[in-house]
Amino acid sequence: MAGKLKLATVWLGGCSGCHMSLLDLDTWLIDLAALADLVYSPIADQKHFPDGVDLSLVEGAVANEEHLALAQEVRHKSRVLVAMGDCAVTGNVTALRNQLGAPDRLLQQIYVEHGDARGVLPAAPGIIPRLLDRVVPLHAVVPVDHYLPGCPPAAPQIRALLKALLSGAPPPAGGRFG
Amino acid sequence: MDLAELNAIAAHERASRKPIRIACCTSLGCYASGAVELQQQLTAGVAATGRAENVEVVGVGCMGFCGHGPLVRIEPEDLLFEHVRPEQAPAIIAALDGGPCDVERGDPRHPFFARQLPIVRRNGGVIDPERIEAYIAAGGYATLYRVLHDVSPAEVIDQITRSGLRGRGGAGYPTGLKWATVAKSPGERKFVVCNGDEGDPGAFMDRSILESDPHLVLEGMAIAAYAVGAHEGYLYVRGEYPLAIQRLTRAISQARRHGLSGSQIFETAFDFKVEVRVGAGAFVCGEETALIASIEGRRGQPRPRPPYPAERGLWGCPTLINNVETFANIVPIIERGADWYASIGTARSKGTKVFALTGKIRNTGLIEVPMGITLREIIEDLGGGTPDGTPVKAVQTGGPSGGCIPASLFDTPVDYESLAAAGSIMGSGGMVVMDAGTNMVEIARFYMAFCMDESCGKCVPCRVGTVQMHHLLDKLVNGQATSEDLVQLEALCQIVREMSLCGLGQSAPNPVLSTLRYFRDEYAALLNAPSAAAPQPTD
Amino acid sequence: MAARTLTIDGQLVSARAGETILEAARDAGIAIPTLCHLEGLSAVGACRLCLVEVVGSSRLLPACLTPVSEGMEVRTASERLQANRRALVELLFAERNHVCAVCVASGNCELQNLAVQVGMTHVRYAYLTPQCSVDISHPQFGIDHNRCVLCTRCVRACDEVEGVHTWDVAGRGVNARVITDLGLPWGEATSCTSCGKCLLACPTGAIFRRGTSVAELERDPRRIAVIVASRQERW
Amino acid sequence: MAGALPRAAPAQEQDLAAPTVDNRQKILQATMRRHQYRPDALIEVLHKAQELYGYLSPTLLATVAHDLHLPPSRVYGVATFYHFFSLAPQGAHTCTVCLGTACYVKGAAALLAALEAETGLKAGSTSADGQLSLLTARCLGACGIAPAVVLDGLVIGHADAATLRARLHALLAQPPLAEEHHGSR
């Protein structure tokens, strides 16, 4: 079946609520499986983002270096990129920390000053990614093709978007923040 | 006060003059450079050498050559001294006898002076601005007398209309038309307001006029009030100009004492009471509806026009608002006639314009030149080019609302339309000269920072748009901007220009647009450049 | 009643003399986005969302303040206007910290509705992320400056309807803030009559009624013990 | 070389006496009376209040609001709109760098940076000991002698960092000024 499309979903700095909403599509997910192969997703066991993805839905804001690198890789390897949900579109709750200043100071406060008795900064190079100075929406680091606001976007909205994009049509307009 | 009294004051003033006159500029530039002490030393020196009989030392208004101050001129020999220090007073007094004098000499026939055509600045550097008698002796208030007795309000407006005078605050609205609108607007109570909130950084024409010849402005306002049927006036002056405020306040009380302001001026039925209002540091108050709000004691926030102040202004009454230099043109026009005035300048821009020539220019100062003179004549002939002789790169006119005109367009004549076609505006008269060391993107950022800080915050596009534009310019200057940022900057310029409520926002993008138009390569060179901005320009 | 006939978006519209373009358009069922405008309050023309094109005028004019005139030709939804309005809404979202997901007004917010109305999909401008305070010193109401759009509807409602003028704007530019009395906490503003008109006027979640937001319902479980104890006394 | 400027406040009438701590209230009252307590005189009155007290304290603003029959929020709104008005005490000495275009083109930004480095103050702030405020101005209209700096009311033209540094040191080396010289709390 040559026509089957490659679909990916990506989880950056978000609460996974958008993915929960995706799962709310219940039985339609079976229809979706007929339209596309899920080649990368937090709900699929796939370590590396594959090449030649047709459509990627990205949940979450860009908050640390791993997010940044992954966002760039996803953009590079995807034909169509969708910012899914308010965190990816605006930064949303993930970006609330931007008002509190640079992350070093925050980490110090949280882990040392108000932390447990050990009071040490989490440091594990290569395992725990460093936080970026500012949390930014996806389009601030890579070009984004479509936006699906909502916290989370309702399942029918995700379905409408997927239906349209997988059939090559423009996604429906609208969608609401919050 | 009647005509005989006026003439008597003038005659007495002229008769008490001494054959030799040492005029000492006491306007801000010279004032700040020690002119007051110099004047004291000169006065003491004249007395000590027993010459008080035939030599007088007079503090006068701005001579214009501010970069070379303090300035001293000796009449009738017409000797000009520059950069005079107080301890050089004896040497200057010695020069009266033709003695040796090592004080720096200026050339009164230098093109800086010779190419000027002083109309509003005719008394600048000549009379003592602190004495009404000096103004009267120079012909002052005779025009007001004639107007009140022999000329109808309609005739006054006709004269102003036919003179072709346009607003000197920047926009160039025909003055006569404005006066006619206010005159026609129904209402018992009307106001005349003089806008002395000269906020453009790099402009000090109005300060100089107010400091050098306050009565000229007051007389012009009184004539305007008579013409439009107003009896109350306000002079709104920037708080940054304490010397101008002091001289103006003094001038008003002198005029009141002489029956030239207040009730029954020149013993006619005409009343005109004028008050000074001191600004408190807000550029936006130069916008006429914001200025009105400020006079009313409120936040200086503009409101949408129409209705224009000519119909509904101060306290809802018809209000005539003109700028200082506009009012300073009134007496000369009425005195010498509309035809005379209309014979000066170009087809659509009549008369003269005062410019403050500053920046990287040899001859810094104030000049009054006929409209139609080219930028090249101003910058090269009067201004003498850059101090170190390197080429001039551009000239900025119109302040934060204006633009940068490159050297390749220096043959542009100075008139409202030509400057607008070149992407700038006449503005109130600031001309800041820039040389090769000036980074044009930094200049654009400088002006945007200004507009951002001065935005009143009322309307969304100006309040937030200026911050976003400044952010993008900052990224550019710091070499962090992408080509998308540049596209976004240009788009924002358009949005802020089209959507803002008042002139501040509508024109805030101009410095960016004009530098983009002529110096796009400087923007392009900064895109994604790893190095930081060019160094701060130095002398 | 003098009538005026004009064209709005190609549609012939009849309006009363003295009516604004906005009123005439709304009567005709043509929606022009607004934010600072609120029926019952004076119009200030500050948000610039209702700017429209009028044939013969080189400038865009605020529909909320421009009176209709005979034969006037108005365009309310040209491509340029739509793009500019979208930009304005984005500028507002970028200005302060509007996080719909955690806002008490979500689903009932004029700014949120505007984003939908103008087709804003995302904010192209840099978020300014200012430090804004939340003032809950008033016993009944609170104000979260993160959500304020400086429309000044609260200021006008307080001044023009309640007649008190507890609210005003302090500072200028992007640093401007609505304030009560001498910039003190709202709860200390003695002029406030607690009438709640500012709350009614606020288009966003900036001014809110206390005790209704998430996790803010004020309860006092200890009162159960008090009730039980006093009942025992009586019986 | 420098000349002192008159005070930056409306000088419409001569006050009877030099202000002392005791009669400042009287002078302020006289100013309001002269304006017949008209609300539109608010800015003039605030100019006078700041001139007398050095800054506009909440008490002072409340008095002005009360006497001019204005809502307190309106007085506060006006006082915070205009750059001239300060709601916090200023330093005993002030150093104001003009950042107008002419001064900017002649290196005012570098001059300000040098002064910031020298004093350890950010523009717009006052030293912890209350001795010095480092301020900036939009444009003093002294473009002919750019760059211009005002030290305690004295305009210095053609200013350079070395001269300013020396003058600042000389100023600050003087014995500290007593509290009442720069407004009371």
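Here the chain labels run A, B, C and D in written order, and each chain numbers its own residues starting at 1.
Everything below uses one rule, namely that a residue touches a chain if its C-beta (ideal position, glycine included) is under 8 Å from a C-beta of that chain, and two chains touch if they have at least 3 such contacts.
The shown structure was predicted, so the numbers you read here are calculated from the model rather than taken from an experiment.
Chemist: Starting at chain A, find the fewest moves between touching chains needed to arrive at chain B.
Modeler: 2
Chemist: Distance between chain A and chain D based on Cα centroids, please, to the nearest Å.
Modeler: Taking the mean C-alpha position of each chain, the two centres sit 53 Å apart.
Chemist: Approximately how many whole Å separate the CA-defined centres of chain C and chain D?
Modeler: 37
Chemist: Just give me the whole-number Å value for how far the CA centre of chain B lies from that of chain C.
Modeler: 41
Chemist: How many angstrom between the C-alpha centroids of chain C and chain A?
Modeler: Chain centres of chain A and chain C, defined by C-alpha means, are spaced 32 Å apart.
Chemist: At which residue positions does chain A touch at least two other chains?
Modeler: Counting only residues that touch two or more other chains, chain A contributes none.
Chemist: Would you give the residues of chain B that are in contact with at least 2 other chains, written as numbers and ranges?
Modeler: As it turns out, chain B has residues touching two or more other chains at 282, 299, 454, 456.
Chemist: Of all the residues in chain D, which ones touch at least 2 other chains?
Modeler: 74, 77, 81
Chemist: Going by the touch definition at the top, which pairs of chains touch each other?
Modeler: Pairs of chains that touch one another: A-C, B-C, B-D, C-D.
Chemist: Across the complex, what residues on chain C touch chain D?
Modeler: Residues 159, 164-172, 179-184, 189, 191 of chain C touch chain D in their complex.
Chemist: Show me the residue ranges of chain C that touch chain A in the complex, using the header's touch definition.
Modeler: Going through chain C, the ones touching chain A are 93, 97, 99-103, 106-107, 109, 112, 115-116, 119, 121-124, 127, 129-132.
Chemist: Of all residues in chain B, which touch chain D in the complex?
Modeler: Going by the criterion above, the answer is residues 28-29, 31-37, 66-67, 69, 85, 198-204, 207, 238-243, 245-246, 249, 275-283, 294-301, 356, 358-360, 364-366, 396, 399, 430, 432-434, 438, 443, 446-447, 450, 454, 456, 536-539.
Chemist: Show which residues of chain B lie in contact with chain C when the two form their complex.
Modeler: Per the stated touch rule, the residues are 282, 299, 303-304, 452-461, 463-468, 471, 488, 491-492, 495, 498-501.
Chemist: Can you tell me which positions in chain A touch chain C when the two form their complex?
Modeler: Residues 83, 86, 89-93, 95-96, 98-99, 134, 137, 139, 144, 146-147, 149, 151, 173-178 of chain A touch chain C in their complex.
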